[in-house]
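You will see two complexes here that share subunit A, one where it goes with subunit B and one where it goes with subunit C.
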Partner chain A sequence: MNQTTSIIDRPAPLPEAPVGLWRRLLRQSWIGALAAALFLWLLAGVVTGSLSLSFLLANATIAGFLALAGTAQMVVIASKPGNFDLSLPYVITFGAYIMSAGLLGQGNIAGSLALTVLAGGLAGALNALLIVRLRIPAIVATLASGYIIYSLIVAIQGGGFTRVGGLFEAALRLRIAGVSGALAATIATLALVAILLSRTVFGLQLHAMGQNGEAARLAGVRRGWLTLGTFVLSGVLAAWLGALLATYQGGVSADLGRSYLLGSVAAVVVGGTRITGGITSVLGTAIGALVLTLAQSDLILLQLSIGAQYVIQGLIVLGTVCLVAARSSNRG
Partner chain B sequence: MRDDPSGARQDKAAFISVRDLSRSFGASTVVRDVTLDIRAGEILVLLGPNGAGKSTLLNMIGGTLQPSAGTMALDGQAVDFDSYIAGSARSRGIQRVFQELSTFPNLTVGENLALTSRQKAGSSRREMMRRARERLQVFPGNCIDVCAEVSQLSVAERQMVEIARAMTEPGTHLVILDEPTSALSLQEADQLADLVSRKAAEGVAIIYVTHKLEEALRLADRVVVLRDGRLHFDGDGRTLTHDRLLTLLGATAEPTMPASAQVTDAAQRELLTVRGLSAPRLHDVGIHVCEGEIVGIAGLEGAGQRELLQAVFDARRSTIGAIVSQSDMAYVSGDRKREGLLPLWTVEDNVAISAAPRFSRFGFVNFAALKATAGDWLAELGLSHRANSPIVSLSGGNQQRALLGRALASEAQLLLLDDPTRGVDASAKASIYSILDKVKEKGRSAILYSTEVAEFQKCDRVYVMARGHVVAEFSGAEATEERIVQASFMQPSSLQGRGQVSNGTSPPKTVKVEPAAAASAQPLSGQASFGHLLSWRSLPAALLMVAMFALAFWLQPNALSTFGLELLLQASMPLAFAVLAQMLFLLGGDIDLGLGFAIGLANVLAATYLVDAPAIAMIAMLGIVMGYVLLAFIVEILGVSSVVATLGASFVWLGLGLMVRETPGGQSPEWLAALTRFKLWPLPLACYVLLALALLGLWICQGWGYSIRLRALGHNRRTYVSLGFSALAGRITLYALAGVFAVLSGLVLTAATGAGNAHVASNFTLATIAAVVVGGASFAGGLVSPIGAVMAVVGISLITTNLGFLGISSEYSTAIGGLALITALSFRSLSRSTAS
Partner chain C sequence: MTRTFAKHWILTGTLMVAAALGAGSAQAAGEKITIGIAMPFQGNGWQKGFLAAAQWAASEITAKGDKTVELTVVDAAGDTQTQIQQINNMTLQGVDFIILEPLSDTALNGAIDNAVGAGIPVLTTALGSVTNQKAIDLQFDYNEFSEKYVSYVAERTGGKGNALNIRGLAGNAAEQAIQDAYVKALAKYPDIKLVAEVYGDWNQSVAQQRVSAILPTLPQIDIIFSQGVAAFGAAQAFMAAGRDVPLQVYGFDGVDTNLLLELNAKSGYQSVAINTDPGIGGVAVNVAVAKLGGVDVPMKMILPVPTITMEDLRTTYKGMADSDIAWLKYTYDWTMSNMIKAK
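So, the complex of A and B:
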């Protein structure tokens, strides 16, 4: 159904022959999303009467959270065609609860963070175990593990929760030149993931496995371990996001992660990344997240009802995915 | 070089006349000005090296590809290519046996035969099976069970079904057979040859594509050779000789390679030792490979060579059971598309991937060094100029060279070559041989499996396999083609006496039935039905439902009454409608992640408008169904993943629902509520509804005239389309029906809750997927079990009820649901792995 294109879309690990900078830029998959983000920012400027950088940065903080979720989802999507992580929203919420539960003592933020990340990694390992050992399709395995994690959330929900507070909260909320600490943290995380995907053996083999799992196996890729790495990475990112959200927002609820299931896939798609496996673009996903966040802010500024906001977001997702698909099938 | 096909054969009018047919893909012309007449009752053998344009020409004749130029006439009538899709080709009496098998493994043999049959259904299932049995008689003495799913058949049996399907269709004028004997035994190939001659005598024209020259000489009335897309030869086949054919095909005279095989030094280190390896399709296999040795694995296709290579590869750099490996290995497969190419990458990246772990520190790749190595190997292979081209833009031969480069770049001591010259032309073959020579010079070793016996001349030693056994070993000069071929047909000694003999070389001396076979030959009926039960796909769902009912009656004995049952089952009604919607998506190989919100929208619409403005409500609900049809277009035409399309749609459904009604409210019309209160002695209404839904689902999947096609589409869209069916129509049917069930689910919810709430069904989306899967659906598509799905829905709803009885928070029902899902799937994966 989907034809393969000859366009390599990944942070080029092997630099190509020099092409005009502009032409190369215009060939990037995320260029459309970038234009859309600019347009939405300008639109907000027109509506409010002033083009403000702080509006953009405030949105960027929210978009950063979405970008983290999107990146977690993107890694899974890239590992095999048809792979999705449906447990993502539950892992995010789970991470937020563990972060605020203070299981290792109230003041021990570093300990809580480590525990949260560990829990995320374990959730990912559970997914990988179901997928590799029981040969369950990822989408069902993560659905099942999501159910179980949700019950864990319910189980620990009763325990008291406090603000994380302390230096960590202060750091995340700190703003320097409009850039919040939370935004800086997400950008740093995204940069790390981008390096992991583009400069390491793990990243290289992940892209190979996503394109053609059987070929990758015969080229010496240990698929089981790589799948484990993929889902652990996704789980760790989700739990880390949960920790950031719990701290930055100063509270948790069982619904914390809910919107990130649709949002994470939407960010990947709107970022222009084709979801047929073997392709990643952290930058694209980040821009996609920014577009979605800006669109929502604009719609609120335009005083559209919550329903209309959803409809328009849905149409944005459907529109981009159709556009990307139509463009690539023309090429193929 | 063209013999005018004049004389005696002119007397019959041509069934197909092809004039100056051409086809180009981009800049390259694959078929050029081919002019050909095919007459009734003629056996035309089409030959040509790989890439000569045979498949393209057949695709145009068979109506799966439009020519760029040229005309064609069928029975003297000019063909309009725009309307000449494969379906119409079939309706005009053209049948095709595909090289890649085009039967559907999820359908039974009988259904596969009925799928393409022009004799319309309307007849019973029994009639369908009877007809199938009759049609399979073209292979006398076959033991194919027409009621078995094709997935349970061997490759040869599948090919027989495929051939029977094409050859027995009444009203056939032309049959195109594309390498039909590749999987058949000699006896079956003989039966096919008889069949082909018989059909030709009946006046059916045959186009027969083969690579086996003996077959060509035996069958051909007429031989047509294509080379480089042009008609190279067209003449009488009965006067041709083997050598003449070789010349026509452009084969340079037998490449008398110097016997590179030297007697190996016995003191050489063994890289690989396999002793007594037994695995599926492998029996007590023992081989060894020394340093600097090229070892061949010969035998008929499917005698276990590939399985052996795969088992050896899995044990690389370690000792697993019977395999002791001293070195790393690299695998090169001839099935480039499936097992070789990384299609999104350049040639260089494709080569470099295997070397990446070697050029890394702490997991970080040294790209400069990696690039240099890849560049070196590409230079050695003469592919430097294509280093930055996408690998898919290369010819098959060059792709194969690049993949050999990948194996070499890994620096593995032992190369496993799985038919590496499959589908590459003569010059590419020669260059692959020369690479092998270099490999050897450098002291590396290789195991070569090839389908062409001549290639084993390269080898120092050759093992010959037959039916999973190593039956012979030849070293150096002993390994002549004749000996290898002869050994390939040998009967493995341990198999002697097992009744069926494929050829007459060694008739069984004593007919002794093995103990194991004897035990299975007389199964106790109880055991058989137990096995049948275990293989029932819906077993986990049934167990879940029964267990939950038992638990409920045990906890609340008074639930065992009409009213009690009603209370127990009421909650599952809306979900049961929803599960059918999701099941239809899974039937088509898709997933609906927007189902819950679509149901919520229907619920809100019903509660808001159905009382005051029923017309608006009806139109709006029709709009939901139309929305699903639109999704079908997006998924089918644009090739968007259904997951993403329905995810996007879910935003829209939810948004629309909130626009109609932001906060819960509204009312259910009296008639709707009355409908659900309807009493029907002795069971509560819900029982009847659930049963009816299960049966309706079953009818959609099994009983309907269209259902075989829908299942075929769900399992393999590409084959479905190549048979000339419209995938769009199928998908629209599935999605529209799913939309209808979503609306019905919303209506039932309205009646049950008496209000509208856009979020009311938000957890239905994942719950329905879980229920369909627990119920027995396969994610491969085309395999669902409606009865199982409905049972799973009941079971899952009862989990919540039971937790309530036990005084546990209903929130934990999700955990149990998740565990049920995992248990069901692991159960299935276990039973599958024990079965195979």
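So, the complex of A and C:
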């Protein structure tokens, strides 16, 4: 796929017009990940002796959380080559604590949710401020803000927390035909972000800035404001994920977000998105998250030693990167 | 932080009247003792309990009148290099005693040498021991922990059933020690079958997700082993999937104990809480005061692992918030007669 045509998930129609559906599908950057997800599901079926849809859906719920973290990371990666958000795990945890702290009164779930999303947006704005005003590279700025947010977490934690519970928890845990409320909530969020990235001016400008910042500036893109928008979006997604996790899981701990730092980058990479910026694929990231989650479960089912599990997970990420690189160089 | 621990709980059974050994009587009245506490990280209920217990013990001793115990607390945020610097700084500042939760069993040896060389005794506790023999060591016995844990479960199930084992942080020495102790304790019950094993990274969220993901493939699970850390996350995974929560032992965190009470109210579910006790922080302060008072303190001490029953949760520990953690109050006198065993 060519960088300039990959603003939206679907590839631009090819000049020789009527191309079969299959060929078009095969050109998608995430097709490899999708095949891997199917393979891993079948493998689990072979290992346990029965192909279980509920196993796939249970993993999809977990993968949905990772997909949200991956999408938050992806918009930052897309905004400029070399951009990463290291504050992501802390914003997730921070969001979970604000959701559980009941600052606006116990049982005020809508208020807590609004406050959580606002806090995530502010965390993102802090990152953007450091990057735009102080001209600090994103990877350093988000490292610094991560420490600041961590100290806020320690402070807020002293005030105590309770289960969110109530209707929100019941809704997230409700399962209709095996699909949990939490999975539905993540899919809805991801769909919204996909539309935002592919159908709005903000999305177009974000891709333009990531592909060539200077050209985008000359074309009239206000990079400072765009960076602010990017990091606020990332922060809001992370805090929303924290709120979902705190509610769905029924509790919070200071290490809630820890596993999402590396996981979010891995989901983006395995989803077939190159980490050189300018490209997004929400669908790819979601499938990437599913692959990583299914791989983890399969390795547990195969009863491999924990060392072997880590090695195989590393190989999956590495293999995908090589595959994506090979595919894009073939296209020239 | 102490405000969240407005309720201090005493497990009355642990309070023992001991012959008062006037270690402090030789000291001048009002003598000030500064104890440095090197915490590994904050933001974990257990560590909050540890610190609260240490502060409680310090205030108890200060309240007696002849000594004033002050605590200087530092937090290494999980970084071993930071902790080494903090130990060196406390040595330079000239604190009287250092209580250390070591982030490494070897990397801190040099810093401990410096402190002990400067006449500052160092006590290692809670997170594990160090290989430096100059440090006083106050620990739990994982064999005892696992023995209690496994025998409670085996008693309840008649020594049989399918078990899910949730392990901790891969590659951690304490994790392996607990696992080995489980295996040893389980050898007596061949009819308890471990049907699946997942690593929960000692993280409720990770444990819950990994259990949720494989749950649809698992047969009937009667028992969960969780190293006392992942009980809440495991239970939530079963509940979210609409399955009954298997028999498992709970930890001392408020989320654990409140869940246990909730399950009991709903379906008559029975269990207990067994955990390494954050109250060890208070014992460490007591040992420090004794050592500075000239008492001959043994280099190795083991604190028993307590069991908190549902009856205790309804009485002694009544009204815990989710963010609280239960810990036992060990008095100075109890420490003298049971840990130090001074004559």
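One rule holds in what follows: the second predicted complex is superposed on the first by the 307 of 332 C-alpha atoms of A that agree within 3 Å, B and C clash if a C-alpha of one lies under 4 Å from a C-alpha of the other, contacts with A are read in each partner's own complex, and residues count from 1 in each chain.
What we mean here is this: a contact is a pair of C-beta atoms (placed from the backbone, for glycine too) under 8 Å apart; a residue touches a chain by one contact, two chains touch by 3 or more.
What you see is a predicted model, and the numbers here were worked out from it, not measured in a lab.
Of the two partner chains, both subunit B and subunit C are touched by A:306. Contact with subunit C, but none with subunit B, is seen for A:61 once the two complexes are overlaid on the shared chain. Look at A:266: by the touch rule set out above, it reaches subunit B but stays clear of subunit C.
Subunit A has more of its residues touched by B than by the other of subunit B and subunit C. In the superposition on chain A, no contact is made by A:234 with either subunit B or subunit C.
Legend: residue contacts after superposition of the two complexes on their common chain; A:52 is shown touching subunit C, with no touch to subunit B. By the touch criterion stated above, A:317 is placed in contact with subunit B alone, subunit C being left untouched. Of the two partner chains placed around the shared chain by superposition, subunit C is the only one that A:251 touches, whereas subunit B remains out of contact. Of the two partner chains placed by superposition, A:73 touches none, neither subunit B nor subunit C. By the touch criterion defined above, A:154 lies against subunit B and subunit C together after alignment on the C-alpha atoms of chain A. In the superposition on the C-alpha atoms of chain A, the part of subunit A touched by subunit B in one complex and by subunit C in the other spans residues 150, 154, 306-307, 310. The touching residues of subunit A, when paired with subunit C in their complex, are 44, 48, 52, 54-55, 58-59, 61-62, 65, 150, 153-154, 157-163, 173, 175, 180, 245, 248-251, 253-256, 258-259, 293, 296-297, 300-301, 303, 306-307, 310. Taken together, the subunit B residues at the contact with subunit A in this complex read 313, 328, 330-333, 338-346, 348-349, 352-354, 356-357, 360, 363-365, 367, 370-371, 388, 390, 392-393, 406, 410, 412, 591, 634, 638-641, 643-645, 647-660, 662, 717-718, 766, 769-770, 773, 779, 809, 811-812, 814-815, 817-819, 821-822, 825-826, 829. For subunit A in complex with subunit B, the touching residues are 1-9, 13-14, 16-17, 82, 84, 86, 130, 134-137, 139-141, 143-148, 150-152, 154-155, 199-202, 204-205, 207-208, 211-212, 214-216, 218-221, 262, 265-266, 269, 275-276, 278-279, 305-315, 317-318, 321-322, 325-326, 329.
Put simply, subunit C touches subunit A in their complex at residues 1, 3-4, 42-45, 48, 77, 170-171, 196-199, 201, 203-206, 208-210, 212-217, 232-233, 236, 239-242, 255, 321-324.
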